[in-house]
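Common to both upcoming complexes is subunit A, partnered first by subunit B, then by subunit C.
Coming up: the complex of A and B.
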């Protein structure tokens, strides 16, 4: 027993070191650019694959490949990412920075998938095979190497940040960007350098984590994401606390692997890091992260009731007419777009209006599909009602749990929730073989059900617009701008936030039930965390703060298979959506925003521009 | 082209603002080499904006800024700083989470001196900083923080120095000391443009003074002349 404990302790330290390497890179980039890089794990994955390509395919000796990847390729990628995607984000709102880095994650996944198709199994070669015995304990060379590299990196970073001018300047940028410029150092160059350093650390973590299992794009990305919990322990700020958190996580993980009974473990082991992330985010008092950044955008007029009813009716009629001319295959994709459009409407309400960015909307849709499919044969009104009520309740409870979280922390908590539900719930409870059949209520023919879905989409869109125009919509918008200001006016932020989650998750559940009905059968993959990410990115591309945006996103979803059939590579969704999302920094309003701007421009033609003099006098 | 006869800092018909809101509506002023120009006026007059445009932090919408006779609109602030324009913003001229020594290390970016020389200059000017050298700047007293901020003006040996309300929140005796240092810097040939609410302290060392209101310069002249017009400007009487 004694030696067993020791074995798990050593394994825990090694896992902890890997978490620490990941988290350190994340903290470095977050600290100097103020942007949480969700793509950190994907960068590590991509670089690990690059390293594999160099050593295994092109027979470059491993030390050379290592130097090439860590000192040349990864820093170049990091610097490029900073220049191309991150630089327009300084001063942007948090949801935009979130979408851009999530888009980058998806883009890298897609590109890695296209370059290294998953048709063959790849193994990362071990650099130093073999093991030694230390005090009677078998320790692999790999484990020793991880420990040594981690200590070296920790010492190196410590020296960099306290002993060198460039490292101190990086910390200065965090303190005060403007003052750093006034003192003669370029904040932009400094941030770029820290992104290069962060990418290099991500690559190192990726390469070291890779030998633990088969090389797989998604798994490796997620393994690196596990380190986020450690970064949260250090509140994205303190490197020593991050390392301590990482070691603790590693130990907890390995002790539970060692001592939990097998049947419990098979459920829990993949969830442990994410569960810890959830707990850490909830328990730790969020440090004062950033000065509030309010990105002021032009107020758009919300459509009034009568025009929105007319547009809705027109949309239903058009759907009916168009569906008569579509091939059966195209009807399927069109309907799929529409049902997902309903889930996206929930995001417009929660994230677009209320600023509550949820990375778990497909999870709630999954709960809806589950209720619909499990209750009374899969096609009863009771099931449909339950499909709205249960997700709404779960959403309400989640909202109450994450009440004091905002922005990034909320996003991370919902991400952890989505991932945990994927492993704990959807992988076990959907049905035999993970497949659940879901029936339809009302019109059951293909075209009839499409009409039904179109009517529901239009009704919900009109409803969401009505909410936006009313007092609840104003409260949502106000909460989005400043929770503190709302509270000081006597408005209950708690009630508003919980209500937003309840309504949003109810809509998502309804969308999920219809999604199930439309597909006939659903599996765990339909409600995976990644699907929620894709959904959020697509609706942001459409324009997350308008109903029109959700509609544009639904159309994109419907047209996607047609676009993809013209692309020369597999997994085009990831690449397309990723590419779109990384460009959101230039255009936060999405397609709907562009459209609105264009309409405004046409309207303003012929009107005299307001002279500057008048603007000035108005201030007096 | 550098021009030996040109004033150190010249602002000509400057318009600037934030987004659609214009704050400066055409400002002209000239600061000759080795002189101190004190800019006063009520809150919201555009004084800080004017300094920030001169430092390259806020872009000019119209008009121009000349430093040493060179047109410098649109130059990045860090390039400015390395070219000899030192600007110290109001109340936050130091990095609070860096130690005094680390602050000085960052100041070396715009300084012709090595780190050792920089420390020597700063500690000779402000001996109290030596005792505080490994303390975080955020934990210093207000006066010590302002000394550290002022130390940057000494170590970077600029041609032009922009100072924004260095008296902010400090005891009068410390303000007096700081203005002695300002006078010393001017004697070394540095052109200084300073914004100040503490009129008596600023006018004591100034060669020229001006009062700004509503984004325009309303009164310009010798310190003694401007002092008389000052209260009227603050209280809103027609100038």
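Coming up: the complex of A and C.
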């Protein structure tokens, strides 16, 4: 018994060190730039493939390849990323930074696939063969090396940030950029150095982990997600705590596998990292994420009722006319864009207006589809109502649980929720490999249902705009600007936040029911966590703080297959969307924002007045 | 944006695919005249069941096998099928020229006097790039071969490929856009084919010769496949191992990738195993990004697992697990992996000693080439696939699609020069015996029932070898297909 416990402990330590490697780089990047880099794993993946190219294709000796990648190529990539994509993000909102780094993730995935197609099997070079026995467990020399490197990296980084001038400067830049500049340091150079270091750490993790996993683009990219919990234990600033969190995660996982009964293990094992993440963000006191900075943002006019009704009517009419000229296949894609546009509207309300970034909207859409499919025959009004009510209730409960969280912590809590629901709910209730039929209420023909969806989209858009114009919308806006100020003015932030979730998740549920009806069938994979990330990315590309943005995003989604069919390379969507998303850093308002700016410029051509500006506190 | 995106990997998608492939059946009793024709063909004396001059699957009799399936001696037939043909065009894929009176020109949708255009809708891009690239690759490779011979009745085969990017709506849209433009759909592989089924159920006149991965698609009346989708498993391998290792079947351990299709597949396989007395004492549904299987190895060892059975897991994960077990010095009595017959397995599992004596059960011939000497079709497959896609590693998807493409071409020939969709469908409905000259397990295509046939392989000295105990030169079809799960 003791022997087994020790065995699992050693195994847990080895697993934990892998998590520590991935999480440490993430923490370093955050600590030195204030940006949570969702593309951290993708950078590591890209560098792992680069290392493979050097060693296996170009026959560069592995030590030289490793030095080249870690000390030259990865830092160059990091510096380039900072210069090209990250620099405009300082002071930007969470949704923008999140989307830009997600866009970078997709861009790197797309480019990696173009350079190293998955149709060819690749193996990393084998180094340090052999093994030793520790408490009855065979541990390879390679795993011991990973363990030593992980600890050395953690110690080295700790010393860097506490005992060296450059390390202290890196941290100072995040705390107060202007003051750091006045002290003689160059914030820009320091930031570039931070990202260079972060990329180098990502590369180290990717290269070391690849031989223990597969040289697979998606696997390596998303592996870092399991390390989020460890990073959160360290509250994104303490490396020793991050390592401790990583070891804890490794131990919990291995003890679970070692001791839990099979039937419990089958549902618990896949969600361990995310469950830990959820607990950690709820339990631990969030650290001060970054000091608020002043930023200037254009105030956008909200469309009044009559114009919004007219626009909605025009939109419905246009949808009907356009659908009559599309091929049957393109009608399908167009319709899907519209139903997803409804889910995107929920994000406009929650994240765009209220600053409540949710990475679980497709999960709520999934609840809606489930209700519609399961209740009262699969095509009833009762099912449709349930499709709105159940997700709204769940959203309300989630909001109540995560009340004190905001910004990145809130986003990660919703991510953990989405991941957990993938395994615990959809796989179980929709059935593994199962398909749930979802019917249509009302018009059932393809064009008829599309018209119905267009009407619902337009009605919801009008409704969301009405909310925005009303007292609730003003409360949302105020909460987005400053929760502290709202609380001090006597506004109930709790009620506003919960209401935002309830309404937003209800809209997402409705979208999910219509999504199911549009497809006719849904399966567990329809509502996987990654879907929510991509949804957020696309709606931010369109413009997350406007209803027009949701429409633009829906339109982009509908046109995507047509665009892709004309691209000369596969996975062009990833590259396109990635490029678009990283450009959000330059244009946080997205496509709709740029359109709005252009209209404002045209309007101001004959006038002396400048568009209204509003000074607000940025940050989250 | 929808169904089928496995957020992280191709984890057990391959496992599910192979699980589907495992559920093939040797089918029903063939009509006497076809049995005679096939027997004659197997002996190298005549045409196959479709009358195209090639050796067909070896259906030799009606009484040899256990259970309701009558193709029990397919082993003899398939082996003879391979041996009786001298290779090259004599495998029966010889093209046919246009008859003197012409081939009728544009006789149906997607058909002209010079070309037949067909489509392939597969998961090629999206979050798991290249997942089923083997689908269009295998199909195109076969078409290249046929076209090199002149085509079919003077018409060359043209393939249009659509990538549904693991998205339901894209799959639907692809079928919707293409159905009015192409003659048929061939060689597709998509986890979202249930979505395309919504479209194709309105087009029962369009031939589809491709792998179904959902019941919805499989149940379409115009869908045919060399490996019909089923929700069960062939019992033959389990009975074989039960007979050889009777004490170990009550101590089975497995890993299952946390992917819906994989877990569903495992439920069917487990039910089949339990029906013949197996007992699974350890199973772990592991997360997609799992990097370490040490705890599973330790737990299996302490639980007393003596038989490891891996099916609902992807090949590389199975390889890592085997490597880990070897590192920990754990050698269960029996190791069976249904997904491990692929190019990189030996390398990824840590070398030959890690997997010595490991078994595999498969529904494909040994498409990596070990069988090429006795099954010339495999040599053709490798040659033409490499010619079209030099850097592509052959996989079971390409092998399956090659065989489906071959079946389609045989149906084209049987339909005659005045080509119509209806004639091709009629030819497919008459196809009760098909194994693509030893490339795949013999299947009663027309019945659309999964084959009960399989191959057993074992690793010796770092190479896969066909098990010859009892002697079986080809596929074994000695037990029924279990559908009770």
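As a working rule, the second predicted complex is superposed on the first by the 571 of 620 C-alpha atoms of A that agree within 3 Å, B and C clash if a C-alpha of one lies under 4 Å from a C-alpha of the other, contacts with A are read in each partner's own complex, and residues count from 1 in each chain.
The rule is short, and it goes like this: contacts are C-beta pairs under 8 Å (C-beta built on N, C-alpha and C of every residue); 3 or more make two chains touch, one makes a residue touch a chain.
None of these values were measured; they are calculated from a predicted model.
When the two complexes are overlaid on their common chain A, residue A:330 makes contact with subunit C while staying clear of subunit B. Within the superposed three-chain arrangement, the count of touched residues of subunit A is higher for C, of the candidates subunit B and subunit C.
When both complexes are overlaid on chain A, the residue A:594 reaches neither subunit B nor subunit C. Once the two complexes are overlaid on the shared chain, A:492 sits clear of subunit B and of subunit C alike. Looking at the shared chain after the overlay, A:171 reaches subunit B, while subunit C stays out of its contact range. Residues 1-10, 16, 124-131, 133, 137, 163, 165-166, 168-170, 172-178, 191, 194-195, 198-199, 214, 216, 258, 260-265, 267, 282-289, 291-292, 294-296, 298-299, 302, 316-317, 320, 327-329, 343-344, 347-348, 389, 391-393 of subunit C touch subunit A in their complex. Those residues of subunit B lying in contact with subunit A across their complex are 20-22, 25, 55-57, 76-78, 81-82, 86-89, 92-98, 102, 105-111, 115, 152, 156. Touching subunit B in their complex are the following residues of subunit A: 162, 165, 168-169, 171-172, 174-176, 178-187, 612, 615-616, 619. Within the complex formed with subunit C, the residues of subunit A that make contact are 4, 7-8, 11-12, 14-15, 18, 109, 113, 117-121, 123, 131, 137-138, 140, 209, 212-214, 216-219, 222-223, 225-226, 253-254, 257-258, 262, 265-267, 269-273, 327-333, 335-336, 340, 422-423, 427, 430-435, 515, 518-526, 528-531, 534-535, 557, 561, 570-571, 573.
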